[in-house]
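By written order: A, B and C. Residues from 1 in each chain.
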Amino acid sequence: MKIAVCVKHAVDESELKLDPTGKPLLAGAAGKMSAFDKNAVEEGLRLKSKHQGEVTVFMVGGPESKKTLKEALAMGADKGALIQADALTVDSFRTAEMLAAAIRKSGPFDVVMCSEGSSDTYSGQVPPMLAEFLGLPYVGYARKIEVSGQTARIERSLEDSIETVEAPVPFAVSVVSEINEPRYPTLIQIMQASKKPVEELNGEELSPRGDYKQVVVASMSSQPSTRKRVILEGSPDEAAAKLVEALVKEGVLK
Amino acid sequence: MAIYSAERRRLMEMLHPGRHQVFSEVLSSLGAFMEKEILPLSPKLDAGEASIAKPRKALFEQGMTAIPFPVQYGGLGLPFSVYAMAVEMLGNADASVALSVEIHNAVAEGLLRYGSDGQRKKHLAAVISGKTLASFGLTEPASGSDSSTMATTAEKKGGEYVINGSKMFITNAGEASLYMVFAKTAKGPSCFLVEAPNPGLKFGKDLKKLGMRGSKTSEVIFDGCRVPEGSLVGQEGEGGEYAKEILHGARIVVAALNVGISQIAYDKSIAYAKSRKAFGKPISEFQLIREKIADMKTGIDAGRLMYLYAARIKEMGGDYTSEASQAKVYATEMSLKACDEAIQIHGGYGYTTDDLHRHWRDARLLTIGEGTSEVLRMLISRKELSRAQ
Amino acid sequence: MKSVWVYSESDSVSNEVAAAAAEVAKGAGLDVQVIELGEARQGVSSPGGKLLIKGSVRNGDSAGAASSAIAKAAAELQPAAVLLGATRTGREIASRLAAKLRVGCMAEITKVATDGTALSGERSVFAGKVVARVSCPLPAVATVKVGAYPRLTAGSASVSEKEVGVVTDQVKVLSREKKTAGAVDLKSAKVIVSAGRGVKKKEDLPMLEELAKEMHGALGCSRPLSSDLGWLPEEHHIGLTGVTVKPDLYLAIGISGQLQHVAGMKDSKVVASINTDKDAPMFQASDYGIIGDLYLVVPALRKALAARG
């Protein structure tokens, strides 16, 4: 089974600093593998161990994002493809287009796996767009995947329901984080990851922009918090009484 | 803040130009692991609500213990300073787990240095990978660093040694399946490997400690404990020297562990000082608090540089005995002071919050364990006086 | 006249998105068309007209079929913009539609507007730390944040039809089940008591359930409790990848307050939290905080609530 897993080197929102005017300092901001992408890599690896095969990791990003690709390789992926582009200025559509071109180039794959969305912007657009560009049947928000022969049976987790669907192989899928518990690469795997093959591709050459007009970010600013941040002190009884009093005053306690 | 912080990374870059990248990848992955799997468990380990076995096993599986050992035994073959930094980070995440791992690895170091081919083959890879948990027994109820006063004996009878006596304050006791212990033969202090279970190997009850409560400590009792002849490590009568050498390396690591403890106490103090208000402003605005912060940070940085210096001498093959002892004396005493100031900065919360005063309680062990400050000062001065000749 | 289309995933989502569309259309000389598949539903309102897409497709069909049908109609009728609710299904249809039409797609926006040449809006990124103002040249697709607009209640509208023939999806839906019988409705709860990792064991949850009941609220949780520990079903999970809530009162108990969690509850009116760790980021996202052991504070709180009668 040939499995393609797409990952993103996302801005680490917990380390993101804002300048005095509230603008995020994105240039040089710390990045990491988007949290839910680890679930996608993990699921790819589980399918691989069950069905024999190979996991290739695809990523659109700049040079700084190599460490994310390496992390996926350390987890156990066999090889990687880095599609060079400035991940901060391309939108979901372009990202999906470039991923599709790279996947087509080194395919065909039986499964194209993504996570439901990236931890930094959480748009959740790349996986369905990617499926469209590849012309593959698509199943979003999978919490369980079972492939047997040429059919996959997948449980989808929607807001208020669980849907069980059947898709033909090959297919594209996005997974939710409840699907598995991603493994940590061991230290030895980390050291060996550098020896695994990584192909570097130029995004614009691979997939020219054409006449597509993309989504642009006009400006960014901090989301001001207006919380009161009052610490209620005293013994548990005193603090609890103070809390009840405050909540009644706020009119939120009936 | 990531456990493998920018500060720690920068030191690795300075120490290992050209090679730091892979070291940083290893340490940053390990740090992320500790953050998620060890750090949140730390208060529970202290309170006796969680067992050390699971997080320690997970760390072994990650390969933390393999860092400084040769590749042929399943090690990662990385410099000792990278391992020491990993222990600092673990001390930051949980001191008890760090202590347990540090003792375990001291046994691996001993096996590597003094074990026969057969002993290495049988035990080293298993200890390095953590499949076998190891423990180290030198101290006795009435004998500490001075191995000549040791009362535990090993008598050769037929193809066996019979060990009698007991070892005190032994970390990992009862949990470990391999004990590196020291006992006197006719030729003097000697080093043995005792595998558990053994009908002659018994354990006292868990000692109630001030700190390091996540780790198990008890007396190890040898009651006619028979071990095969091949359990002798190296030569009879040389055990005292072996123990000294093993402990020299371990002191670097203990210093690192204490720097880690100090760092977390410091981080908590900074956050508190910035958020706690008195007289209408954060207490971090007050000069007397600022003095504490400055002194804590200076001490932590100095301690870190000292253990890394000793580690670097060790990995370059030099004589690091004085520097390792200096690092341990300084870092352990510094960390007591830093953790004490952390309590002071936190005021009443410091005195009443387990999650804060445990750092002081944990740190308190290590001006005593693995060579008291007093003995180490003796050692440092002796070494330096002889160097000056 | 060019139209802003609204995809009517369900009555409630559709009526919200239609309200957003009405604002977009207002200044730009556009009209609003609410799109339904197969048949018009009574609960779905429109400030303009309704466009019924006819063919093999039905309301509630898979996102693959729905997006194909809407794309066919859009290719011909050329709407200026298509708006959907930012639900899981809405996101998927929007993305697939944008890919098929080769137009830009914005996610989870609020303050949707147009100057006649581009669609613009605001969205929260980096787990709620930052607001980004985004825009995309028309024609464009966007999902609108659910809960950001008051629902439209206008009555019936004129219905036009568009035949698109047969659309298919290779993905077959075998079954669809409600997540749990009597599932919590966190979205409409006025008070939410939410449990985090500070809760030591599953057996302690009833204590918090009782508290929630006494406060006339519902019980939610942070991700570890549902996803890692499995102590509560996934629909209790509040956060970026779980449910987004905005109750009058959000009481976080033993929740550290990772950005991903805060992203799911930051629009709550009043937030209170209980945590032993005074450095827990949750306190920064709270109006009222109690530093203390939940096993002491919660019983005290229940006592204080009972004392009010």
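What we mean here is this: a residue touches a chain if its C-beta (ideal position, glycine included) is under 8 Å from a C-beta of that chain, and two chains touch if they have at least 3 such contacts.
This one's a predicted model, so the numbers in the text were calculated from it and none came from an experiment.
**Student:** Quick check for you: compute each chain's CA centroid and the global CA centroid, then name the chain with the smallest gap between them.
**Tutor:** A
**Student:** Most remote chain relative to chain B, going by C-alpha centroids?
**Tutor:** C
**Student:** Count the C-beta pairs in contact for every pair of chains, then give the pair with the highest total.
**Tutor:** Top-ranked chain pair by contacting C-beta pairs: A-C.
**Student:** Just the number, please: Cα centre separation of chain B and chain C in whole Å.
**Tutor:** 51
**Student:** From the C-alpha centre of chain A to that of chain C, how far is it in Å?
**Tutor:** From the centre of chain A to the centre of chain C is 19 Å.
**Student:** Taking the mean of the C-alpha atoms as each chain's centre, how many Å separate chain A from chain B?
**Tutor:** That pair's centroid distance is 39 Å.
**Student:** For chain A, write out the residues touching at least two other chains, lowest number first.
**Tutor:** Residue numbers touching two or more other chains: none in chain A.
**Student:** Any chance you could list the residues of chain C touching two or more other chains?
**Tutor:** Only 278, 291 qualify.
**Student:** In their complex, what parts of chain C are in touch with chain A?
**Tutor:** 62-64, 87-89, 91-92, 94-96, 98-100, 102-108, 120, 124-137, 140, 169-179, 183, 190-191, 215-216, 223, 226-228, 234-235, 240-241, 243, 248-249, 258-260, 269-272, 278, 283-293, 296-297, 299-301, 303-305, 308
**Student:** Within the complex, which stretch of chain A touches chain B?
**Tutor:** 15, 67, 70-71, 74, 184-188, 190-191, 194
**Student:** Within the complex, which stretch of chain C touches chain B?
**Tutor:** Residue positions touching the partner: 197, 200, 276-279, 291.
**Student:** Touching residues of chain A toward chain C in the complex: what are they?
**Tutor:** For this pair, the touching residues of chain A are 11, 13-14, 16, 18, 24, 35-36, 91-93, 96, 116-117, 119-129, 131-133, 137-141, 153, 157-168, 171, 176-178, 181, 212-223, 225, 227-233, 235-237, 239-241, 243-244, 246-248, 250-254.
**Student:** Looking at the complex, which residues from chain B come into contact with chain C?
**Tutor:** 40, 43, 49, 268, 271-272, 275, 349, 353, 355
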